[in-house]
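As written, the chains take the letters A, B, C, D and E, and residue 1 is the first residue of each chain.
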Amino acid sequence: MLKVEQLNQYYGESHTLWDLNMRVPEGQCTVLMGRNGVGKTTLLQCIMGLLKARDGAIHYQGQNLLGVDAEKRANLGIGYVPQGRQIFPLLTVEENLLIGLPARRDKVRSIPPFIFELFPVLKEMLGRRGGDLSGGQQQQLAIGRALVLDPKLLILDEPTEGIQPNIVAEIGDIIRKLNKEIGLTVLLVEQKLPFARRVGDRFCILDRGRQVAEGEMGKLDDGLVQRYLTV
Amino acid sequence: MSEGEGAHLRTLEAGKPDASHTAILYLEDLNVSFDGFKAINNLSLYIDKGELRCIIGPNGAGKTTMMDIITGKTRPNSGKAFFGQTIDLLRMSEPEIANAGIGRKFQKPTVFESHSVAENLELAMHGNKKVWHSLWAKLSGEQQDLIDATLQTIGLTDQYHQQAGALSHGQKQWLEIGMLLVQKPYLLLVDEPVAGMTHQEMDRTAELLTSLAGKHSVVVVEHDMDFVRSIARKVTVLHQGSVLAEGSMDEVQNDQRVVEVYLGE
Amino acid sequence: MGILNVLHNDRGGKVMLVVLTLAMILVPVLNLLVPEGSFLHMPTYLVTLMGKYLTYALLAVAVDLVWGYLGILSLGHGAFFALGGYAMGMYLMRQIGDRGVYGNPELPDFMVFLNWTELPWFWHGFDMFWFAMLMVVLVPGLLAFVFGYLAFRSRVTGVYLSIITQALTYALLLAFFRNEMGFGGNNGLTDFKDILGFSLQSDGTRVALFVLSGLALAGGYLLCRYIINSKLGRIVVAIRDAESRARFVGYRVEHYKVWVFTVSAMLAGVAGALYVPQVGIINPGEFSPLNSIEVVIWVAIGGRATLYGAIIGAILVNYAKTVFTGLMPDSWLFMLGALFVLVTLYLPQGLAGLAQNLKSNRWLSRRAEA
Amino acid sequence: MALNIKTGFTVFLASLLLIIASAVQADQESPPPAEPAVTEPVETAETAPAAALPPLEQAAVWLQDSAFTQKAKAIDLLASSGNERAQDWLQGLLDGKLYAHKQDAFLAFVKGSKITNALTGEDVADANKADFSKITINNSLRKQLRAGIAKLSLASPDAKVRLEAVNTMLDSIDPDTAALLQQLADKETDAEVREAMQLGVAMSALKNGSEAEQLVAIETVSGSLHPKVRSRLNDLTVNTDPKVAEAAKNALKSIEDRIALYGHAETLFFGLSLGSVLVLAAIGLAITFGVMGVINMAHGELIMLGAYTTWMIQQLLPKYIDYSLFIAIPAAFIVSGAVGILIERTVIRHLYGRPLETLLATFGISLVLQQLVRTVISPQNVPVSNPSWMSGTLDINNVFSLTLNRLYIILFCLIVFAALFAILRKTNLGLQVRAVSQNRAMARAMGVRSARVDALTFGLGSGIAGVAGVALSQLTNVGPNLGQAYIIDSFMVVVFGGVGNLWGTLLAGMSLGVINKVLEPWAGAVLAKILVLVFIILFIQKRPRGLFPQKGRAAGD
Amino acid sequence: EETKDAAKDAAASGDTIKVGVLHSLSGTMAISETTLKDTMLMLIDEQNKKGGLLGKKLEAVVVDPASDWPLFAEKARELLEKDKVAATFGCWTSVSRKSVLPVFEEDNGLLFYPVQYEGEESSKNVFYTGAAPNQQAIPAVDYLMNDLGVKRWVLAGTDYVYPRTTNKILEAYLKGKGVDEKDIMINYTPFGHSDWQSIVADIKKFGSEGKKTAVVSTINGDANVPFYKELGNQGISAEDIPVVAFSVGEEELSGIDTKPLVGHLAAWNYFMSVDTPENKAFIDQWHKFIKDDKRVTNDPMEAHVIGFNLWAKAVEKAGSTDTDKVAEAIIGLETPNMTGGTAKMLPNHHITKPVLIGEIQEDGQFETVWKTEKEVPGDAWSDFLPSSKVVEADWTGEKTGGTPCGNYNTETKKCSGQNYE
């Protein structure tokens, strides 16, 4: 579904991603891992078009995304839950959710009720400004907001950060469910191994901007963990 | 991690927050509401001198808001908040509270983005924070050592000159912890320190925090149960703005109400 | 050279100060010593013109201090400049003595023909140079202090602060326009004769004023640079970037802001005081909000938060104005407007940024060769 | 022919009336010097034979004389002629529609391209306006004309006209006219007119009556707010019988109290109308600056373009001045909106995330636009006419009237506000632009076409500025400096109301307007303005984020 | 000093004689001043067609002081010291004149100032071709009082020196004529005042007390349009309360919808509508030059024409463009004005002017309703202000005790405050 090839990215003069390759097969959940500052978020932002890659390619459903505007990518069915939530602080919860609707291709123009089933707290707080929510509530809102788009590919950057344990578990279930039942493809950045193991089908490890390992989740052994994920 | 990180921190001096009655922080009957929504509801909480307290609770329980009250960011509608026996936090401004010895790490990491990592630490460092003084202040050797040691602790020595704004999320978390350390507060309020950290980093943080306890009082808010378990002595569970349960980790974990609203099966 | 230590790491500043020093030596020589008909002679009007630019530059430095480093976009700094100017103007007015058109030894001409009978209280003392000079810094300083104290204590920030600084200068504009205020209304203060006994019309005085402006600029620059390099400077920048975070590490943000704001206002006052004897008039027009906006623009053109950029910007824009208003009186606004737009679009760091880019590019390419 | 018989009859009637009229006028005290018929009553006798000419013809001769004294005679003649055409003549003279043929010396009405012989009422065939010259009048003649017309229209079948006529002559009623009025009043069917007539009678009594009559008259007039009543009463407070003086004083006092009350209402109205001007000027900025965060210094020039569009429309359609505004409003919206979009696409687009830099660039743009107007159109102001339906007043009573154009502007302001509000609330655009301004990257990731949203929103704000320009063109100068005059106030209003809040802008503009107008009477215009500014500064101390602040956790920092 | 003059002579002996044109072409004053720049260009052009002066061509040096007063001083210095102009025609506002005055005195240049002003000034280097208060304000008030029988007075002005001084003079004058204090209302407004509702309402009230009331307006520039519009809106016609203005001329009217103004008055020394051969020729010349038949002429334009002609005559008479020689030669010279009389340069550097009062017509022109029989000599120092009653200006020195002086105190017999002693 998504294939990153030989991607290079720079922040000004500093080279952050180096000849990076990654594969996200359709209908599976791929977990992107790596220590702090290796470039996970940077890679996701390149996929979303929020950062410019210098060269390489990002193939999505056979189309090279590099030439496509960021705003068109939502149309193509890519949902994004960014690190740090990035909700619109002065819009109400409801407005935060409504924003994505026009980009849906199936012309549905109201918020799908299943989102409120997943995150009942959002229903309670529909009229509250997004910025007033607690950290965890904001995170839930961010996930909800991405789901409104009815995405085919869902990209999540550390989605469980700051969320209470029972909801974390629930999010894991949801990802699996969406994954299995409606064939949603998921690209997930996650630091916490147990969670990653539970929801992921595949893994991909970055180190200092390079892809160093990739494979079925089962192949993620202690050696790899020791080498790339501990300090 | 080097032993005794806390060595850099001041130990309690007489005349500073008077914790003679063992508690260093008193929160009594606090109430906060936002546009009619009660975020804090008759909350009472006491933190002892030298204690390491974990606070958990569902999203929106009011943990961050509680910290906002203690640090002067939010004014409660009613209730009392004392630091030691004598210092009324509700009458003080943010900088006064900070200078009285309460340090805080924010849930969303906030650092001085256009300063270098080292400068961030210099700015946060305890000491005279008056205008006139800062005009002539020079970094003493001692202070320089403290910065170096702290950078070592938070693993950002390589980023000494890097602009803080260009750090990754996790790195910012560490930098904020560093800023908290050099501030040498009596009471540390730490809001979700390990979010975005790997397991190993988490362990380091845990070690760091436990080593601080004893000489300092530490209040930690965290959702990661593994982490909480690894440091917890006493745990308070907040729910809907007030205390739902309090006790040792085991007690709390087995409390049916806590399981229901927070931990899940 | 202890004070020059503050220029460590400030190449732009060093270059700027060298040029300034050269100018302060060369201009007097070229004007006073080189005989008139000579090719090298510098006419007095150019000296005065350059003197005026230097006072503008000092004003720009003052604005850059608060805008570039403290993050306060002051749209009212012209007010402090004008107040300094008025203080000087009042001194010069009193120096006229009985040489006014009505020959009244006590009252300035504009008071005589509007039938004032005695000097208003706030004019007293301005016949003494030291007192007037004190007022040059005190009046703007005090206003800035009171205004800043109120505003910063109430945590007025961002555009709200910008707009009330604008309201401040606008209110002063209207107030000084009123003839009842006793500052000469729209006509302001003019017809100055001499300063400290030296005729304002003589070449020597003009050159001296030019040199003084240069010294004031250099002094102001070094002062600001010192402040920026000190820990206070770092705190101020921290406040600019994350005000509330600075509070939580224990800084009394409002104290820092008031302090820097006041210093900046005083610098602006000094600039105004040097400006007035060189242009020969001070009028409420100096309070006009558009003037203050223009100063901000000089700073932006030169490069915000560089200090020397402010100087470059002020001199360049005003020089462009001088040239274009003479060369293409009908269309110079197009040029100026286009300059503003182009600089914003293509030089986001202003001219100082351009200089830095060139330098680092050169440095990079040299390294690549090596 | 019929014409001749008619004229003959009129001649007879006219000479009769002329004699009566001159007799009446000779009685008048302190005759104004400009009325020659009065200063030299003898002349009337001399001119009487000349009146052997039918009065209209005679008047025509006199009117073509360049001396104003002759014209005055003509007017008197016409006013007292009783000729039904005389009123048209007087009216035509007053309106500047009466022309004289340069060679043939006959009079004609010139209305646009239609020229009719004033005497016969027939169209003048193949006439050229250039062959005619206008009969000029001056102020004293205008006054005389109005009085004359009033007298003639006392008998008008239209009650409104009669009322107008009585009111016009209110302070120049002599006992004879008073008697006439009394008679008319008795027959009058319209209550209002009757009242006015009685007031007129009383006014005459106040001046000429006995003490007792005066006292009764004071009673009658004490309910009237007519300014002439006050001045008459004022006259009575001195040099009269103490009783009368006392009564007059009391009556004056009660009138004055009522006037004071209306004064407050008037101040409020003035305040609201000033407020709506401020709101109109600021509301576009509330979008470009308040919502999008662009410090748009060119906002004033966008207003200016709107005003120039109005002028342009009026130049293109000089015959439809009355409808010009209805064309100008959409036209100005399009012109300013298009310029706004152009500015956004070429300049501002590159500056998002650098809000302060937008100040610099838009300031440059504003200089260019100003100079462009100076070069392309002219450095001078251009004239914009007010459509006739906008001039005039809505009279509540004699001391309190609402000027129509202000009333329309208040109304217009509210309509614009409501429309804008609806657009931002009810369409996606409003939501999207707020999302974009809060977090551009994330909005794009959510599929918001930020470039389009920016352009549309900036265009909307600019277009509204243009519409405000149409309104301002009705109140003030249309010239290259128009924008500069409003830019500072506009920013003030937006910030005072609370950035990003439309309601705030509305309330801020209105309250600043009212405060200004409340202060103005006792502080003077200059000081009032200063006080308002000081008020803003102090108010911001109390509420550092304006009237309607953005609240909540995220609003800080 | 001497060297500077020498340099100027050297420049004049070059190919051309330079003439400075110092009028704002941008900023707030561009509205009024641009026309004057064009007028000057026309005059210089015309003179060159006639062969120039002293056998040399004239060359206009146009600069834009941009309505910015310090910039006026800077530009004046540039004209005098860099371009070495022989004479400068410029300025509109008093403050701009005050700003350049020291420069002209220091560099010994010549300035011709074409706008009516508050008086109280006479500089060796400035020639005032606009009206002094006694050539505009006082005759206008006389007309209102005598011909219209006005008893109550509203003196409305913009709060700056010209209205302040004029109103001071008028107040003294009116009181001298027995007008009561309470029959005079004085009102000042800020520059560019645009909301006249309250003030017009006040005037309306003031005028409704039975006595004939008139407004003497020294309202400046842009503030006039909204003022007149408001008068119209509140239904105050010229017959009720006439307004006589000193700053509203043909040019200003061309930017206004004149319908509501018809009948209001203005006092000037020239109207475009004046029917004389000189004026007709002038208007034709202007239309040809500006290539627009709709453009109007106005009083300050006439002042420039007079000033320019006087200067040209003086240069020919002196045979040089030297400042001192021209300044000496120009006094007493005469040139025809546009209204059928002659303008004479007086020893106090003001000129003689007729005073005309006109009523505004619908076409934006004035209909002259009153005119002084003879030209009125301009008085630099008003006789109605206590402080200046005793001051006299005479650059021939006749009335000033032998030494030429612009402000000679006839009581103390002293000439004070000259920058060029």
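By our rule, a residue touches a chain if its C-beta (ideal position, glycine included) is under 8 Å from a C-beta of that chain, and two chains touch if they have at least 3 such contacts.
Bear in mind that the values here come from a model prediction, so they are computed numbers and not experimental data.
Touching chain C and chain E together: D.
Averaging Cα coordinates per chain and for the whole protein, the chain whose average falls nearest the overall one is C. Using CA-based centroids throughout, the chain positioned farthest away from chain B is E. Taking D-E and A-B together, the chain pair joined by more C-beta contacts is D-E.
Rounded to whole angstrom units, the spacing between the C-alpha centres of chain A and chain C is 52.
Centre-to-centre separation of chain B and chain D, using mean CA positions: 68 Å. The distance from the centre of chain A to the centre of chain D, each centre being the mean of the chain's C-alpha atoms, comes to 64 Å. The centroid of the Cα atoms in chain A and the matching centroid in chain E are 75 Å apart.
Counting partner chains per residue, chain B shows two or more touched chains at residues 34.
Shared interface positions of chain E, defined as residues touching 2 or more other chains, are 25-26, 159, 188, 190.
Residue positions of chain A with contacts to 2 or more other chains are 132. Taken pair by pair, the chains that touch are A-B, A-D, B-C, C-D, C-E, D-E. Taken in their complex, chain E has these residues touching chain C: 3, 7, 25-26, 62-66, 68-71, 73-75, 77-78, 80-82, 93-95, 98-99, 101-103, 106, 120-121, 159-161, 164-165, 168, 188, 190-191, 385-388, 391, 406-407, 409, 412, 414, 416-417, 419. Remark: chain B residues 34, 37, 57-61, 63-65, 107-108, 155, 166-171, 174, 192, 195-201, 204, 223-225, 261-265 touch chain A in the complex. The touching residues of chain A, when paired with chain D in their complex, are 48-50, 69-75, 80, 82, 86-91, 95, 98-100, 102-103, 129-132, 145, 149. Interface residues of chain A facing chain B in the complex, by the touch rule stated above, are 11, 35-37, 41, 83-84, 121, 128, 132-137, 139-140, 158, 161-170, 191-193, 229-231. The residues of chain C lying in touch with chain E in their complex are 36, 43-45, 48-49, 52, 96, 98-104, 109-110, 112-115, 174, 177-179, 185-188, 190-193, 201, 279-281, 283, 285, 321-322, 325-326, 329-330, 332-333.
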